[in-house]
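Each chain gets a letter, A, B, C, D, E and F, in the order it is written, and its residues are counted from 1.
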Amino acid sequence: MSEKLTHYDDAGQVSMVNVGSKDITERTATARAFVAMSANVLAALPSNPKGDPLEVARIAGIMAAKRTPDLIPLCHQLPLSHVEIHFTVQADGVEIRASAATAARTGVEMEAMTAASVAALTIYDMTKALDKAIEIRQICLVEKTGGKSGVYRRQEGEE
Amino acid sequence: MSEKLTHYDDAGQVSMVNVGSKDITERTATARAFVAMSANVLAALPSNPKGDPLEVARIAGIMAAKRTPDLIPLCHQLPLSHVEIHFTVQADGVEIRASAATAARTGVEMEAMTAASVAALTIYDMTKALDKAIEIRQICLVEKTGGKSGVYRRQEGEE
Amino acid sequence: MSEKLTHYDDAGQVSMVNVGSKDITERTATARAFVAMSANVLAALPSNPKGDPLEVARIAGIMAAKRTPDLIPLCHQLPLSHVEIHFTVQADGVEIRASAATAARTGVEMEAMTAASVAALTIYDMTKALDKAIEIRQICLVEKTGGKSGVYRRQEGEE
Amino acid sequence: MSEKLTHYDDAGQVSMVNVGSKDITERTATARAFVAMSANVLAALPSNPKGDPLEVARIAGIMAAKRTPDLIPLCHQLPLSHVEIHFTVQADGVEIRASAATAARTGVEMEAMTAASVAALTIYDMTKALDKAIEIRQICLVEKTGGKSGVYRRQEGEE
Amino acid sequence: MSEKLTHYDDAGQVSMVNVGSKDITERTATARAFVAMSANVLAALPSNPKGDPLEVARIAGIMAAKRTPDLIPLCHQLPLSHVEIHFTVQADGVEIRASAATAARTGVEMEAMTAASVAALTIYDMTKALDKAIEIRQICLVEKTGGKSGVYRRQEGEE
Amino acid sequence: MSEKLTHYDDAGQVSMVNVGSKDITERTATARAFVAMSANVLAALPSNPKGDPLEVARIAGIMAAKRTPDLIPLCHQLPLSHVEIHFTVQADGVEIRASAATAARTGVEMEAMTAASVAALTIYDMTKALDKAIEIRQICLVEKTGGKSGVYRRQEGEE
């Protein structure tokens, strides 16, 4: 564990780290979130006549990806070239996968993590009237590519 | 489970629900998040000479609480009278408790949930250079008070 | 036409007008917008397998209503108690009706107008690949209630 | 009409489309809006001693162009190299032309459309005390240049 | 100096202080800023054929007042009932007075200070091509009214 | 003084100036602000058990740098590659130095100036309970590099 906490400069002061000397490369990241809910609540999702909480969550997650540097204090502003969010309804909840891509000097992990988190919060918001005990279980980075550190893939069993 | 999904109006269309006829009452909510990280990463947090990732996360969480209606599509705008965020460093990670209060026509659950989530994302952002496998485990509502539905407290063992 | 332009103070300088002495009353407003498009483009909207441009536009409009004071320089910040947006697909385009409500010292006309406009712009954005000549025709206030000036209803034939 | 709705991916799910493989080229767009108002209201605009509603609208439109990706859910973030807004006072209202330019992987139509729309909404806001029946008539794209699809110019008579 | 730093709670942790038990009262505040510039730059301001940097600064200051809780981490969100900004061109620069008012549980000092500061920054931005040495000299609170601490007026000679 | 006010186009209308033909170069800027406060207030800053107003101000300033184009009407959006803020506690107050860097078509003076200003405002906010007479004295550009106009350094004695 030789690396320093990168948001601290030499004097230990918080800063938005200097990425000016890094190369612009294609970078992608995928994050996962899981919203655990009971079978009853899950059953209510598709029965809604004209709407779908997951579609609202998808828009919220995409928009949040673009707001990441407004939310996470030391994140750089990145021009996202792509954001997408996929939902998989499972027996005990909804799995969210959010992916983001850019051509920039630093990675898009936080954009993917933020998109997944806000999508999860939106699902919570839209279903909390049915069950306040719904919870968001596990938000994590699944994969990243690009940049000097190269490819990262979360190990099997870690998820 | 007799309640409808409250963000849908009679025709099933998504809307920001009408709270105009609800009373203005004092309302509070507390949410919990947990950022799981290894002992090595945890050990690095306080050793940083002049700064502290948790303090950055605290500011981020407080500011995010105020941005909740910008992030969660159907949330009402609430004038928050109080926001606070507490961290407890545990053996396997950092526990976050975010509380919010208002005097308004609808509750502050989403403000507390959003504050906890963005604080957790910020901790992730500030420590991900040390370990990309850090994950946010469980974000949930711990307690709410006020409004017609009254007090909710998450059951022992649920957390 | 005896009224002054209300955003100018006595010296003729632009200001956010003082509403401090006005009463807090229930106020509503409804605005209309129309997105004119060809039958071909209209036909493509529902055929999309899993999504619907109108649902994206609905979320965009609701979120924009909350951002009105960030966009319109002299608008007051209002706590919206309700926002809803209805679409009617017609032979030559999509009619949008956006309604907003508040209990405040000034009206919600601009929130309704902004919601309708941003919903219309979003429909344009999502269909412009099919036809760049799509246009937004007529954005206007249909009705307002509340406040000292009372009820306003747009006359038949004006729309 | 062979093109798909571009904001939908292969599975029909809404996404922010991947522009990562597009070239960075110079792109411009001009949009038009028209705010129809009576001769009485028009006459009141310049008589105001020290201010001018059009100048407020101009600033609002320029600032809104920069906020486009915050408002239109699936818009990419573009670094605008130029925004300008021109007004022409006509017998029956105010014509607005908003132009935007960028060097990017995707076009600036929505930035120009949003600038024109918010300028029009601001004129409405600043004159609605004189006449609530003022309406925004026609918002459309006048011209775009750059990108793979090249130049588009709205036909004579279309406006 | 018996008062604590109010943004710290009992354990010394930063929080958005609890104003829930304070009364809603009418509150006003006025702040002052001064942009020092040479006679040459000052002379250029009014000679500009159709525009005026001060009018752009006025709009920027009013809009910034509304964004105060987005900028100042521990500020509460306040519904502003009034914002106005006055400029006085003096021999050695431009004096700015920004006033804000609300009916709320906490004061509007920061809204007035932020409006004055952003107006000053905007004047700097619009004149820096003429002289990079222009500086903002002194931003301070001139007066506040309302709330438990009552009226504060800056002493003669302090300004 | 041959230069025009750069935010005005040929017809004298305010616009976001066209930087499309400028080269992308590395650009930096450093701004200074000074928050004057009494020895009593200064003494209170470090005695706070777990928190530090300067750390809150640092985060606020960094975040504000990213929001500059939202605040200053005619500022271009720049992808900041670095932001840092240093504080020096002096006998009569706190000196702030804010630096920003980018690779872009226009300079980062306003980002550095905005970061310094918002950091100063935040210090004011967090100490105003101790002394309302605290004032922000002098905000100015200390240095800029990059772009056609090259290096600017404020002269000795000017500060």
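We adopt the following convention: a residue touches a chain if its C-beta (ideal position, glycine included) is under 8 Å from a C-beta of that chain, and two chains touch if they have at least 3 such contacts.
Note that the coordinates shown come from a computational prediction; the quantities given were computed from them, not determined experimentally.
Traced through touching neighbours, the fewest hops from chain A to chain D number 1.
When the contact pairs of A-D are matched by residue number against A-F, C-D or E-F, over half are shared only with A-F.
Averaging Cα coordinates per chain places chain B and chain F 31 Å apart. Here the spacing of chain C and chain F, counted between their Cα centres, is 37 Å.
Those residues of chain F in touch with two or more other chains are numbered 13-14, 51, 55-56, 59-60, 63, 67, 70, 73-74, 77, 79.
Shown are all chain pairs that touch, namely A-B, A-C, A-D, A-F, B-C, B-E, B-F, C-D, C-E, D-E, D-F, E-F. Of all residues in chain B, those touching chain F in their complex are 51-52, 55-56, 59-60, 63. Within the complex, the chain F residues that touch chain A are 26, 55, 58-59, 62-63, 65-67, 77, 79-86, 101, 103.
Only residues 1, 3-8, 11-14, 40-41, 44, 48-51, 53, 56, 59-60, 63-64, 67, 70-75, 109-110, 113-114, 117-118, 120-122, 124-130, 132-141, 144, 152, 154-155, 158 of chain E touch chain F when the two sit together in their complex.
Within the complex formed with chain E, the chain C residues making contact are 9, 13-20, 69-70, 73-74, 76-79, 104-105.
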